[in-house]
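After this come two complexes, each holding chain A, first together with chain B and then together with chain C.
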Partner chain A sequence: MEKKTVYSLMVVVALIATVSLLQMCKPQAPSSVTGGDAAIKAYVPPGKYDEFYNIVSGGFNGQMSVYGLPSGRLFRIIPVFSQFPENGWGYSEETKPMLNTSHGFIPWDDLHHIALSTTKGEHDGRWAFGNANNTPRVARVDLKTFKTVEILELPNSGGNHSSPFITENTEYVVAGTRFSVPVGDKTDVPISTFKENFKGYISFISVDPANGKMKIAFQLKTPGVSFDLSRAGKGPSHGWFFFSCYNTEQAYTLLEVNASQKDKDFIMAVNWKKAEEYIAAGKGQKVKTKYAHNTWDESTHTGVSNIMDEVLQLDPAELKDIIYFIPCPKSPHGCDTDPTGEYIVGSGKLAALIPVFSFTKIQQAIANKEFEGEFAGIPVIKYEAALHGEVKKPGLGPLHTEFDANGNAYTSFFVSSEIVKWNVKSLQVLDRVPTYYSIGHLSVPGGPTTKPHGKYVVAYNKITKDRYLPTGPELTQSAQLYDISGDKMKLILDFPTTGEPHYAESIPASLIMPNSTKIYKLEENKHPYAALGESNAKVERKGNQVHVYMTAIRSHLTPDNIEGVKLGDEVYFHITNLEQDWDVPHGFAVKGAANAEILIMPGETCTLKWKPLSTGVFPFYCTDFCSALHQEMQGYIRISAPGSNVPLKFSTGKIEEAVAGAAQ
Partner chain B sequence: MKAISVLLCLTLLMGCAQPAKDASTSTEAATPEGGGQSSVNDDVSQMDVVKIAVNSKDHTTLVAALKAAEYVDALSNAGPFTVFAPTNAAFDKLPKGTVETLTQPENKDKLRTILEYHVFVGVLTENMIRDGMTLNQVSLDNVTLHNQGGKLSVNNANILGSARGSNGIVYIIDEVLLPPDKK
Partner chain C sequence: MKSQLTVILVVILLSSCAPSPKKNVEEYPDQPETSTAMENPVAAVTDPTKGIGAVKNVTLNTPLELDRVKRGLAIYEMKCSACHKLTDQRVVGPGWKDVTKRRKPEWIMNMVTNVDVMLTQDPEAQKLLELCLTRMPNQNVSIGDARDVLEFMRQNDGEK
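Let's look at the complex of A and B:
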């Protein structure tokens, strides 16, 4: 009991200290935990570059964001699934088709995970993929332009969470549904018929190695469970894919209780090379469906949306050796393959241990038919037969695991709010550090590849509370950077992040920087409404549509006086930025625009549609500060009454005689 | 706990209007064990499940056990939790010396397993308790709940009352729940 007394004393001291502090000063820093050399480790001097690009999902903002590591500086927000009035993504006529779906125009989504393209299991710096969790889609961002260049919708999916994880050579991007749903002809069914009518579908999206173009190669019809996360095999396990599944209880209400009844759910192992064999043998079934495939054409600076009507499906309950279930405690969340491809780490988010499965043992178990039974017609491998071993008492609520190049794993623990470092082979816990607070995903540069770059682990936390100056009930999200170069992990930086980061990846700057696009070449601009030079600027009427072929260059817009437009007309401002100079975008905005402004990159053409609602003269101007005469970069458009006889005319720099009378 | 006290004392000594130089001195003085969510200053929000226990005079043994197991921060986090909280009297029913032994550092894993057996990740409110239902606890063992005409119990322990916290629900029970022997 002596111990207790000591504790009580300490609590009293702490309380007194706290109370005194509260009275003495308002802004109080949370407990600090950094070492003395932390600042220098995270410090990137002015004018110097970060070592890594950190590509971070934006969660509910539907975007990706780009930070530097180790500085934590935010470089860019890339609009993906959500409209972005800041630059006109999803508002300009060219970008609207990118957000088209079989449900029509969907202007937002929930982007959870990033996958950077790989070749031979290593980062190749070409593309970043992102998933839409809500209206199931996968997007591809070109890392030369940091622009979303493709969005593919996924039919037969309730919510695309288990995505967009990729195979070793980016042969496939996968998409597994978090919500099983009834599909096909029988969709209007009682929710209580879940077991009978609800199905989960896994889509394998092929990626053209030449240009990145995506296509749904095939879908696997799987039992009605929830697919959470996934990772491809690599090295010896290349050809396989591993998915975590929860709600194997097949509950359809109050999952908080009903989906955590069993002490084990499953990891689903998919032999996708076997699936390819079945397809080659004609075992696939073409099924009618409807989904959008949207692609961006860089030469026309325009997105095109096509509605597709068919997918190829395989039924693993009939084609027996495509998938196997492996029991995994308990509501597994992360399902991560180590750099050697031999070990698969299942993180039961409600469990207090981490099972590590062995690919070799899984193969042996399949060969020896060491099954404990079947689940919905799929064989279930015996837990012990697949198990390499368990990490005992690692922490509470393991979520995700990343790896370094030295055989160590780093697992995030949500419930106990910490990162735990452990050795993959020996399963020994080596180190643990708290995170502030309640970590979700974590990321080691190159962590999911065959050659992790190591050096850092970033914690993406779910709760911020007192880490920063408060900003009311809603706080910025909080990421933390830890140095992992030594035996012990060391916290070196807190940095705020935009949206709600889920998964993120980091890639050496040297793989991205040399390829970064500086300008779009004007001579390659094939936009049908481009004005490639001021002499090509014009205004054309087509019925009630008025098309303005406008140019922008420091520091004027051509034309900058437009008359003869009538109430009831729809005006399309097609702005071509004639600059051929890096980092000189122009903006365009017109008074009363009900959509957004647009930013036009050098050499690009963008279109803003505007429907005037009253007669009068409306100013338009450049919104992106471009030169000392940016403030002069403006113009007027006159809107006349529907029956007026004002002729259509346009000019820049033309001084007219002043005329009396408003009717001219 | 110690680290927090030391840090707070240091901060106090240095006063509030510290220039950046002092701040870096204080960070150097801090140990890697920073304050977890339990040390966030917030007397406005609803109490979490730990604060509920801390504020109960009948749960001092449980709180001491949570501290010895270093589970105070975990249960201050987002949860959600259902915590079965044995009273001091419940702990007193254990053989003499049990609590003292369990709270020794070398028995931390054992203590943690017992405490984990008292926690379910998820909020199970009274109206959701059906007679005979099982919950798989953090320790990965099941408890069985009983609801006999509104009289609630878990395993052999009676549920004496409940308190709703910000990150879960606390059921006060009159027995310590012991996980099944796995040997």
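Let's look at the complex of A and C:
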């Protein structure tokens, strides 16, 4: 190339650079923002952290997943109500009790909603709660370890959908049944006796502020309707809880039609402080029932399942002033209180408007007895008496609403596939953006708290169709991230999600990251079968049970040669990971194990049960790449015929044989 | 000509409002410190035979402090014995026989408590890595515990 050409090329480059740089200095026009800098807004450079943890329900996979925002990167799947092959949750002997219920061991449930613990209405970063929708339960995940540490079953419930919403200081987690069911000693009844025999129950689960331990404080026996979602009051409305109800028609068949007859269903307002007063006055009734309460012990690394046999119940039809119904148009789904606690937004999924109720007006209506009648013995407040106002023609099928810190609400519209931003006080629609496609819940970081963090709204969509490369009939679920820092919402990222995310919460990384557990300290390991140090590794026979106290450290298992086990024995491999460094798990698998593999965190002890089905020599090995010599981290166990005289012995390497003397 | 152009480009670049796109990045939370058992920032010790870490000077007493030896043995059994034998035999890591004669006490304690830095910066530690080919893990041993382990090593080496 001639020098001249090079020169003129450089001039052109310089000109382009000048022009583009000058343009960068201009204030950005809305049009350029939607397209142009979307990527940089969602971009988190390599080695940098996301601003928010996004804790997302897994829906039908029964798990929670953890993403970063704004990048949409998936960090973890936390097994909660489902077995998880990745780390052995629900397969290891220690974790099996966590999935026990009054119906026995349940390997898979459906987790719908997330609630992050709050203090004074603000995120405190301690726990995440999740609900099992099918076999009604509430779980608590510790946000230090990202591990499920407690699961409480709910008796007298037929589908725990209206859950696990929490009060301002996490005093209570609620659990409202989606299906009303017959309870007590009258359970074998004709389905057609719904109105007479079916009841809806709401459980108030108390949470110990010191350690998070859950307990069913009381249950409210309510008329036979379906509870959908709920939110606690906050600030001035602290002490109240609001539940959306549908099927007030009390239909028991073809609900699609029969539960959509009435023009209005209800929002149920619960004065839980009043319920506490009745309990203090001894008005509660103890009722026999059966439910499981499973707790995880971090020092023994073991879950324990207890079957409980009693709950305390209150009957609001007799004990007045606990609950009131407020009419709400067309099968309400979302029932969301704004950050001030004054406004309650109902979202009728078949409605074309959004009613906003005022807590002050509800209190006045109750004081002035502005009731339009009763439903199953419960007063129904006049619609207009409770109403702050309606958002007119916002879209079709409002589902769920969250809030920013500036007095604005963001409502998802399933039928018209959009998010609509509106002002809570003025009820004016401010902006709308399409979602792709059929949005269910949405989530603003801190949206349900008294101090929303704002910045983003995430849409959780039910249908992705043409948004990603196709993978046969089963497609990924999807989230979409919108920047809400300006007047207009701007789509900045699509990202695929695991399971079916129903609801999610996001919390600033600074509230979680500094507390994250790195290792379990060996000194604190109280597992009854832990081998704290290689000199404690051993094999013991107890009848036909063989307990292997095994240690794992880069890169060998001790013992790695085991003989004298007989066909018909049950072998328990109790593996203690002796590592004390962050991010060095070891795995364990033995050939023919019918349940799974396990993954053992540093300092943890974890047990895999194995019942050999034939004689021979079976290999076992570490399944998680741990070092350059990971492939050498292996061993053999010999299984002999039942009557054989092979003595029980174990060893690792020459030293073990010389010192510990293999044959015992 | 070329130099003139360079000047123009530099001027343009300097005068453009460059900081704005960086903003996003600055809002991310602080990165955590690297995980070591150390509380204090690592400073190079002047004497290279003492290794790198917070341990600068160790006073050894005679006779041995037996309570330290006892605690040191317990820590050895729980956190070290899987890789280090008490003889001169190398298994995963070197045997401990005569380690207190080969190494300064400071070097030993820095190796135990600051292993990640030692393995990347200390020439002697790097020689051992080349020999063993398994990185010595950070076993989260505190400096106090490392001192106990050192006392146990002295006993293992025949000191009274």
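Heads up, the rule we're going with is that the second predicted complex is superposed on the first by the 619 of 664 C-alpha atoms of A that agree within 3 Å, B and C clash if a C-alpha of one lies under 4 Å from a C-alpha of the other, contacts with A are read in each partner's own complex, and residues count from 1 in each chain.
Quick note on the criterion: contacts are C-beta pairs under 8 Å (C-beta built on N, C-alpha and C of every residue); 3 or more make two chains touch, one makes a residue touch a chain.
Predicted, not measured: the structure shown is a model, and the values here were computed from it.
Enquirer: Figure out whether A:Leu648 sits in contact with chain B (first) or chain C (second), or with both, or with neither.
Expert: In the superposed model, A:Leu648 contacts neither chain B nor chain C.
Enquirer: Regarding the shared-chain residue A:Leu578, is it in contact with chain B (first), chain C (second), both, or neither?
Expert: second
Enquirer: Of the two partner chains, chain B (first) and chain C (second), which one does A:Ala509 touch, if any: first, second, both, or neither?
Expert: A:Ala509 contacts chain C only, not chain B.
Enquirer: Examine A:Tyr436 and indicate which partner it touches, taking first as chain B and second as chain C; both and neither are also allowed.
Expert: first
Enquirer: After superposition on the shared chain, which partner residues are touched by A:Leu613: those of chain B (first), chain C (second), both, or neither?
Expert: After superposing on A, A:Leu613 lies clear of both chain B and chain C.
Enquirer: Touch test for A:Val189: chain B only (first), chain C only (second), both, or neither?
Expert: neither
Enquirer: Please identify the positions on chain A that touch both chain B and chain C, taking each partner from its own complex.
Expert: In chain A, residues 7, 10-11, 14, 17-18, 21-22, 24-25 are touched by chain B and also by chain C.
Enquirer: Flag every residue of chain B that touches chain A in the complex, lowest number first.
Expert: On the chain B side, the touching residues are 1-5, 7-9, 11-12, 15-17, 23-24, 26-28, 30-37, 39-42, 64, 67, 71, 73-74, 77-80, 103, 109, 112, 116, 121-124, 128, 134-136, 138-140, 142.
Enquirer: How about chain A: which of its residues touch chain B in the complex?
Expert: On the chain A side, the touching residues are 3-4, 7, 10-11, 13-14, 17-18, 20-22, 24-25, 28-36, 38-39, 254, 256-257, 260-263, 329-330, 350-353, 393, 396-397, 414-417, 433-434, 436-438, 462-463, 465-466, 488, 490-491.
Enquirer: Report the residues of chain C in contact with chain A in the complex, numbered from low to high.
Expert: 1-2, 5, 8-9, 12-13, 16-17, 20-21, 24-25, 27-29, 31-32, 35, 77-79, 81-83, 85, 89, 91-92, 133-135, 137-141
Enquirer: If we count contacts the way the header does, which residues on chain A are in touch with chain C in the complex?
Expert: Contacts found on chain A: 7, 10-11, 14, 17-18, 21-22, 24-25, 40-41, 43-45, 48-51, 508-510, 513-514, 518-519, 521-523, 532-536, 551, 553-556, 558, 578-582, 584, 627-629, 653, 655.
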